[in-house]
Amino acid sequence: MEHLAFTCLSVFSLACALGVVLSKNAINGAMCLLLCLAGVAGLFVQLHAYLLAFVLVLVYAGAVVALFLFIIMLLDMQGGRTWKFRGLNAAAGFVAALLLITGLNLLAVRGHLEAGPPIGNSVGSSLKFYSYQLFTTYLLPVQIIGFLLLIAMLGVIVLSRRAPQPEDAK
Amino acid sequence: MTPSLDSYVMLSAALFAIGFLGVLIRRNTLVIYMCLELMLVAATLALVAFSRFNGTEDGDVFVFFILTVAAAEVAVGLAIIVALFRARQTVQVDQLDSLKH
Amino acid sequence: MDFTVLRDLAAGNTWWAIWPELGLGFLALFLLVLETVLPKSAHGKIPAISIAAQLGILAALLANFDRSHHEIFNGLLMQSPQGELMRVFFIVSSILVSVLGRVSLPGRGVPRVEFHHIVLVVAAAMMLLVQSRNFVMLFVALETVTVGLYILVSYYRSNPKTLEAGLKYLVMGALSSALLLFGIVLLYGVAGSAGLAGRTPAGMYFVGLAGFLEANPHNFMAAAGIVLVLSGIAFKIGAFPFQVWVPDVYQGAPTPVTAFLAVASKAAGFVVLLVLVTQVFTPYDWLVGPVLVFMSAATMLFGNLAALKQNNVKRLIGLSGVSHAGFILLAVASASQVPSAVGAVYFYLIVYLIASFAVFGVMTILAGPDDAQQDLSDYSGLAKKSPFLAGVLGCGLGSLAGIPPLAGFMGKLFVFIAAFKAGHYGLLAVAVVCVAISIYYYFGWIRSAYFSDEAAISPAIESRVAGGGTLVRVTLAVLAAASVILGFYQGPLGHLISR
Amino acid sequence: MSNLPLDPLLLSVAAPLTLAVLIAVGLPKKIVVKLAYAAFAIPALVAVYLWSAFACAAKESHGYAFLTEYSTGLGGLGISLKLGLNGISLPLFVLAGVVGLAAGLYALQSTAERMKTYLLLLLVMQAGLMGTFASVDIFFYYFFHELALIPTFIMVGIWGGRDRSHAAMMMTIYLTVGAMLSLLGLVAIYAKSGAGSFDLLAIRDALSAHPLGEVTQKHIFGILLFGFGILVSLWPFHSWAPLGYGAAPSSAAMLHAGVLKKFGLYGLVQIALPLLPLGLLQWNHSMAALAAVGNVVVIGLVTMAQRDLKQMIGFSSVMHMGYAFLGLAVGSLLGVGGVVMLMVAHGLSVALLFLLSTSIHQRTNTFDMHQMGGLAQKAPVLAALFVTATFASVGLPGFANFWGELPIFVSLWGFSHCLTLVALSGTVVSAVYGLRAAARVFFGPQTEAFARFAASKPTVDITWGERIPALILIAALLFVGVWPRSLSTAIDQALARTPPSVVASR
Amino acid sequence: MSPLSTALLVLLVPLASAVLIALFLRTRGTAASVLSVAAASFVALGALVLAFGGARFTGSLEWFRLGSFAIELGVKFDDLAALMLSIVGVVGLCVHVFSLGYMHDDSAKARFFGGLSIFMFSMIGIVLADNLFMMFIFWELVGFSSYFLINHYCHKQSAADASKKAFIVNRVGDFGFILGIILCYWKNGTVNLTELGAGHALVYSRLIPLLLFCGAVGKSAQLPLQVWLPDAMEGPTPVSALIHAATMVAAGIYMLCRIHVLMVPPAMTVIAWVGTLTALYSALCAVTQRDIKKVLAYSTLSQLGYMVAAFGLGSVSASMFHLTTHAFFKALLFLGSGSVIVGCHHEQDIFRMGGLRARMPVTFWTFTVAVAAIAGLPGLAGFFSKDAILVLAFGSNKAVFAVLALTAVLTAFYMLRLWKIVFLGSARSEEAGHAHESGFSITAPLVLLAVLSVVGGYTAIYHGAFDAVFSGVPEAEGPTHYIVLATSLTVLLLGAGLALAFYATDGKDALEERAPGAFGFLVALRASFDSAYDYYVAKIQQRLAMALNFLDLVVLSGVLIRGFSGAVEILGFGVRTLHTGRINHYVYWFLGGVVLLWAFAAGIL
């Protein structure tokens, strides 16, 4: 049962990921990304990382993909060139894909992990333990993340302000 | 029977590779950026799987940071892309080559 | 989980130990507060306040230079003399970037306080980055640096080239972050893997991972993780073949930011690499060694060859920076066998900081109001127009070229010695060839500035050249003097390095 | 030298350097010029004083006198500023002092643009030169050499003559490569000796206890040979020399060709030969062949074909370096001692020639010998000095050069009969081009071109400002030429203490 | 004062004079000349005192030492040195005094006298040297002084060229000389003349004497390096007298005599033939000369050939004897010609002179003595010394004898030709017409030398001071004596008679008019060496130099270095082009990097 779900979810995620890569239209790509994330979230659930699945959907689907869609629409690139996979680009792409597949194959053959069945519950399954971790061991990174978000915000503001300020022009 | 750790890792690696491929072959900055996000998500998948199978907890916590960082990165990245679109009226990377040689 | 345990864990968060980082962070916040509190007419003072405060922190840091080794934050960070040195390094570079920003920013219609704010945060994050001994910590600090730099690189947003540089840095940076991340994940996963000897739940900690790698010196998964981590760091330091973004981004970025990228960001990458190579990846020397040797040789050659016929000074300095990365890699590659190589890396970074900022200072002044005067020909006649700037440029370039008696030479010498002891003869041969090539382009620059008769300095810049601001002049004079004096006399720094 | 208030060796380095710093800080020109006399005189006086005191000075260790050591913070790497003189470095130290004084005086009377900067660079050069030969620590030996080398490039680039930019670049690249190679060799010695120190004496002790293997010696010697060889313009790595000297301003050419170039030979004599005796045996034949055929014969003939006076002097300097390499290849006390003598002599004479060629240029407005002629009528003293210099460089007895060449030739016979013939033929060749140049420039009737220039600007004989530095050099040449023991005793003792090679000496 | 310190003073006083002149008296010609003459007088006096005082001594001090190689500054004062020193002193003094008059109006008088002093110093150095290295040192210095003095009229192209030629040709000879010394040093372990003379464990080799002889060939202008001497006549006449006739050119002979212990028979034969051929060749050349000094120059060459031949035939004594007498009469001839030249206002073409007998009586009579002496008129100095050589040759090598006899015919022929054309007949030019006798400072040396030319051949006048040298002068006995005597008288009469009969005093070269073929041959013979050397210098050496310069410039600097740097530059361009500016291309770099590193990790690379 679990196996079947895994298979379905993984095939779904891979297909959607390929959709992101191959879709001609950026909006379609964004939608594929959304679905792919959903698939991954499903896998998270299967791994008992319920909280993380939730966060993934919340942050990625809710914020990131939405932002993407928003920007795509804002920039309104429908009239722009559509993507064509041809010529040298395609050849290089195929070579790249081949190389990547070889790498995967290498990983599959040589990188065999002898892991047993899942051991216990990971913290991802419990909000409480998760929070403990964040507020004890990883308190410093959390604080840093705060600063990161602050500068990201400032950055977005700086980068999106339209007109130069008059007092700086002097 | 549960799927093995290997299959999770392989799936994650495959997603990562697909993301990489997207970055390689796409020309639209936004799509490239989506592919990059895909790569990050692929990494989180492996991380969660490892945490689960190995019974270690740091991985799950790490995912939180990855997602947050990714969100911040996306915000900044999109701001740059928007600003660039305003200046150059394009987001196609093959037209963005005024800096070269 | 027991609350007492949690309390103990929380008590492990020794905040006082990172007071310089906290100081910078609070200073950054304070700047924002000042921006909102102060009237707009007084905003021009804020950068000066920032610089003064940073100087204060620097002074305090030097006064309390801590040479002890101990873990802080439950092992997330490691307090060490090297870390302390890099704290000084990063705060100095942040001060210098702030000084250059004060020259470069006005008149471009971009917000100024935010620039200084971000620089401070990035500098603090770099300090934490080099002290981190945990991959989570490392990743978070690294991303803070990277995101900050995304913003800084694209800071002159009215200039399409700057934005293009920003985009390139963004895409390349995100890609390398993803590679690094995946590498970390693989390492973490394999370290916790149940079936392997030396399995550890603390795979995120360097110590834990090192213990695991010790037990499994030939695990493919671990090797794969290591190379991915290496490639992520190689991006930061601009090592072959992950150096390709360097000239474009350097060219487009605002000149002070280019300096920041070239010096601080690169240095952070090197320190992380050094820590990993010497403390974590040692059992995988069979892999890391050849990779570093290859990278070093290729990086040196590529950087120098690409710089050879470069006319844009920012691209030139970027590519020369690539070759310097190759040189430092030479020391890093020797570090696992020769302990003194570590000192060589730090010394090289320090002299590189001094020399680069001297050059970038001159570049910032000469770049003109639109940051566009970046051709070698724009420097012709500099020695006649401004002997001072020409002198500083000479000291800086000479030091970069590794010409005695300037400090850069000592850096190269230490690297040579280390490489020799490690037996990297082939690399040394490459290095000598590269020095010869590098002389050619550094010489071209010097020739333009010193030997040409006609002056290309436009009147608009001439006023900048003449004025330049006392602060900048003093800073440049100090840098030039430092690059000379460090060549003669290393003093306590020498003891620190050669110990 | 603890009985002196100031270490004279340090003083000789510090005096010019201090003034250079003062200039950089912005001392007014008038004071600079006055102080410059002192700054150039101090090293020369110190050198001459130490020369006279050397014989009685206590030779503390390994035949070194006046040893002092200063820490620069790199004790951990075994680097410290250790100064001292032995019988080999003493002559060169004196050479540096004397030529430096002459070059300085010549520069002070010249009307170069941006005089302060010119003096600054010259002073830095002078400090570097004094330091190079006073250093016992091989790191500082190299370091001071580079300190002196860099100003050369800048001076060629800024004050140089025709084609200066290209010349400066060629010089820079060649010499940097040479210097890098030699640095590599020195570092190799440091790393392989096991002494853990750059102190030459410590390395000597370490290597005499545990000599390096033959293969290692071969490799290191090879690196040093070619590194130093480029610096000393060993054929076929000589192209920079005529080009660079042709373009260099007089004082820079004097100091570089006269003194700085000796760095490489000095390194071979003081470091490579005693420390790597087996290395020498591996390389001496190829080195001798290159030097004899390339430097002496080929470059000798090439020198004959020159029309440009300065280039000719540059080529002749390359040629004479061939003798030095021959002496080194022999490796006997006699040969190597001759090399040291030759270094001093050649330094003085080539500096003199460069000085005078600039004075000639001022009076003829050209370096093309085909456009000159008959200058002796207008400037007899200049002519006399130039002829003197020519004969000195040709190796006429009575001048120091002879005492360099003769021992080399004598020792060379024991090494290779054939090469002795080849090398000796150089004495004829050098007489041909030297006298031809003197005749072209000074004798015979005035050429039209010269007459035209002389009409536009009345020709004056050499002024006292130019004459004094020239006379200083000539006096030194003659002093050593007439009384060679003044140097040879010290050289003999030093070489006897650390035999230069394993070749049977005669 | 000990003899050794006297000898040192004799050596150093001229040096001091030269130094003082160079430093302080450059513009004060008169003072310089007085100083120089005073020095020369001191030298002459000292030399005579030493020579006739009877002291024979050696002494040395170390001059230079490297390891076991040492060069001494030493004095070896034996009879040979005493003789040579006396010659140098006496002739030197005469020439100095003569120069006072001859160079009276010269603008560069100080330079001239300084040069004379430095020459005296160097020459005395050669004479006194006790080892070959020291001798070589002064040998070279003598060459330098010669260069310096030939170049006295340096505004003349010919003088400049001649001085250059003299020095370079000498250098060629010295090339062999120093090689010989080095070889001697390596074989025998010493080059000290006393030690060599002691003769123990001497290693004989053909090569050493021949190489050392090269030095003599250069300095004494033997075939084939004789070309510089005629050109050297561009110098002032006193210089020609002192250096290029009496002393310096004789130094080669002196040197040979010094090292005769090293000689081996095969080398001697070579030397003898070189001398003989030089004698003949030069005599032939002298016949067609019009320049008074050049006639004398070729005559000098010829006489030097005699000396070398004599040495080659094995007699130091005969050689040195002829050297002595030759020094007197040849110096006299040159000074006489100098007087003539002054009298004729620097006219040197003998066919533009004539009739000087009446106008310049002292010069005429002294010159006549000299001509008689060189031609070998019995009773005069030249007769005895030449006779000795002929005796020697007759005894040991008939072919040499024949050639030398033929040379003697020619000698008498061209000397009388000269004498007759210059002094007899009527003035053939305005200058000659206005000629007048020179002043006392010129005539006094002439007279003194004339006396010496007469009595110099009687060894008795030396009071046995040089017995070690002169005791070995070959004297013929019995039939040989008569044959040789007859021969020398015959050749004298033949040569003199022919010349007197052949040449009219009408300002035309009779030989050129009557036998243009022979004349042309002789001219061509004279020019053959010069043209061969010129051809070598211009066509071979210079072209080789140009070719090598071209190769150096084009192949080495141009093709190799430029090519190499060009290749690097092209590489640089190529690498630079890799930066296409497109992100997607750059991503491929990353892919490449990752793949590469994975390959490393997987052990594929």
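The first chain written gets the first letter, and so on, giving A, B, C, D and E; residue counts start at 1 in each chain.
Simple rule for what comes next: a residue touches a chain if its C-beta (ideal position, glycine included) is under 8 Å from a C-beta of that chain, and two chains touch if they have at least 3 such contacts.
Note that this is a predicted model, so its numbers are computed, not measured.
Which neighbours does chain A have in common with chain C?
In this structure, the chains that contact chain C and also chain A are B, E.
I'd like the most central chain, judged by C-alpha centroids against the all-protein C-alpha centroid.
Located nearest the centre of all protein C-alpha atoms is chain D.
Tell me, please, which chain's centre (mean of its C-alpha atoms) is farthest from the centre of chain D?
A
Hey, which pair has more contacts between C-betas, A-B or A-E?
Result of the comparison of A-B and A-E: A-B.
Once you find the CA centre of chain B and the CA centre of chain E, what distance in Å lies between them?
Centre-to-centre distance between chain B and chain E: 95 Å.
State, to the nearest whole Å, the distance from the C-alpha centre of chain D to the C-alpha centre of chain E.
36
Roughly how many whole angstrom separate the Cα centroids of chain B and chain D?
Inter-chain centre distance comes to 64 Å.
What is the distance, in whole Å, between the centres of chain B and chain C, each centre taken as the mean of its C-alpha atoms?
The computed centroid separation for chain B versus chain C comes out at 25 Å.
What residues in chain A touch two or more of the other chains?
89, 92, 96, 100, 103, 106-107, 110-111, 113, 115-116, 119, 129, 137-138, 141, 145, 148, 152, 155, 159
Out of chain C, which residues touch more than one other chain, so two or more?
136, 140, 143, 147, 150-151, 154, 157-158, 167-168, 171, 175, 189, 193-194, 220, 224, 247-248, 440
Pull out every residue in chain B that's touching 2 or more other chains.
5, 9, 13, 19-20, 23-27, 32-33, 49, 53-57, 59, 61, 65, 69, 72-73, 76, 80-81, 83, 93, 96, 98-100
Of all possible chain pairs, which ones touch?
Every pair of chains meeting the touch criterion: A-B, A-C, A-E, B-C, B-E, C-D, C-E, D-E.
Can you check the complex and tell me which residues of chain C touch chain D?
Residues in contact with chain D: 340, 383, 387, 391, 394, 398, 403-405, 409, 413-414, 416-417, 420-421, 428, 432, 435-436, 439-440, 443-444, 446-447, 450-452, 488-495, 497-499.
Which residues of chain B touch chain E in their complex?
20, 23-27, 32, 93-94, 96-101
Provide the residue numbers of chain C that touch chain E in the complex, in ascending order.
It comes out as residues 167-168, 171-172, 175-176, 179, 220, 223-224, 226-228, 230-231, 234-235, 240-242, 244-245, 247-248, 287, 290-291, 294, 302, 305-310, 437, 440.
Which residues of chain B touch chain A once you look at their complex with the stated criterion?
Per the touch definition, chain B meets chain A at residues 1-11, 13-15, 17-22, 24-28, 30-31, 33-35, 37-38, 41, 44-45, 48-49, 51-57, 59-61, 63-65, 67-76, 78-83, 85, 90-92.
Name, in rising order, each residue of chain B that touches chain C in their complex.
So the residues of chain B touching chain C come out as 5, 9, 12-13, 16, 19-20, 23, 29, 32-33, 36, 39-40, 42-43, 46-47, 49-50, 53-59, 61-62, 65-66, 69, 72-73, 76-77, 80-81, 83-84, 87-88, 93, 96, 98-100.
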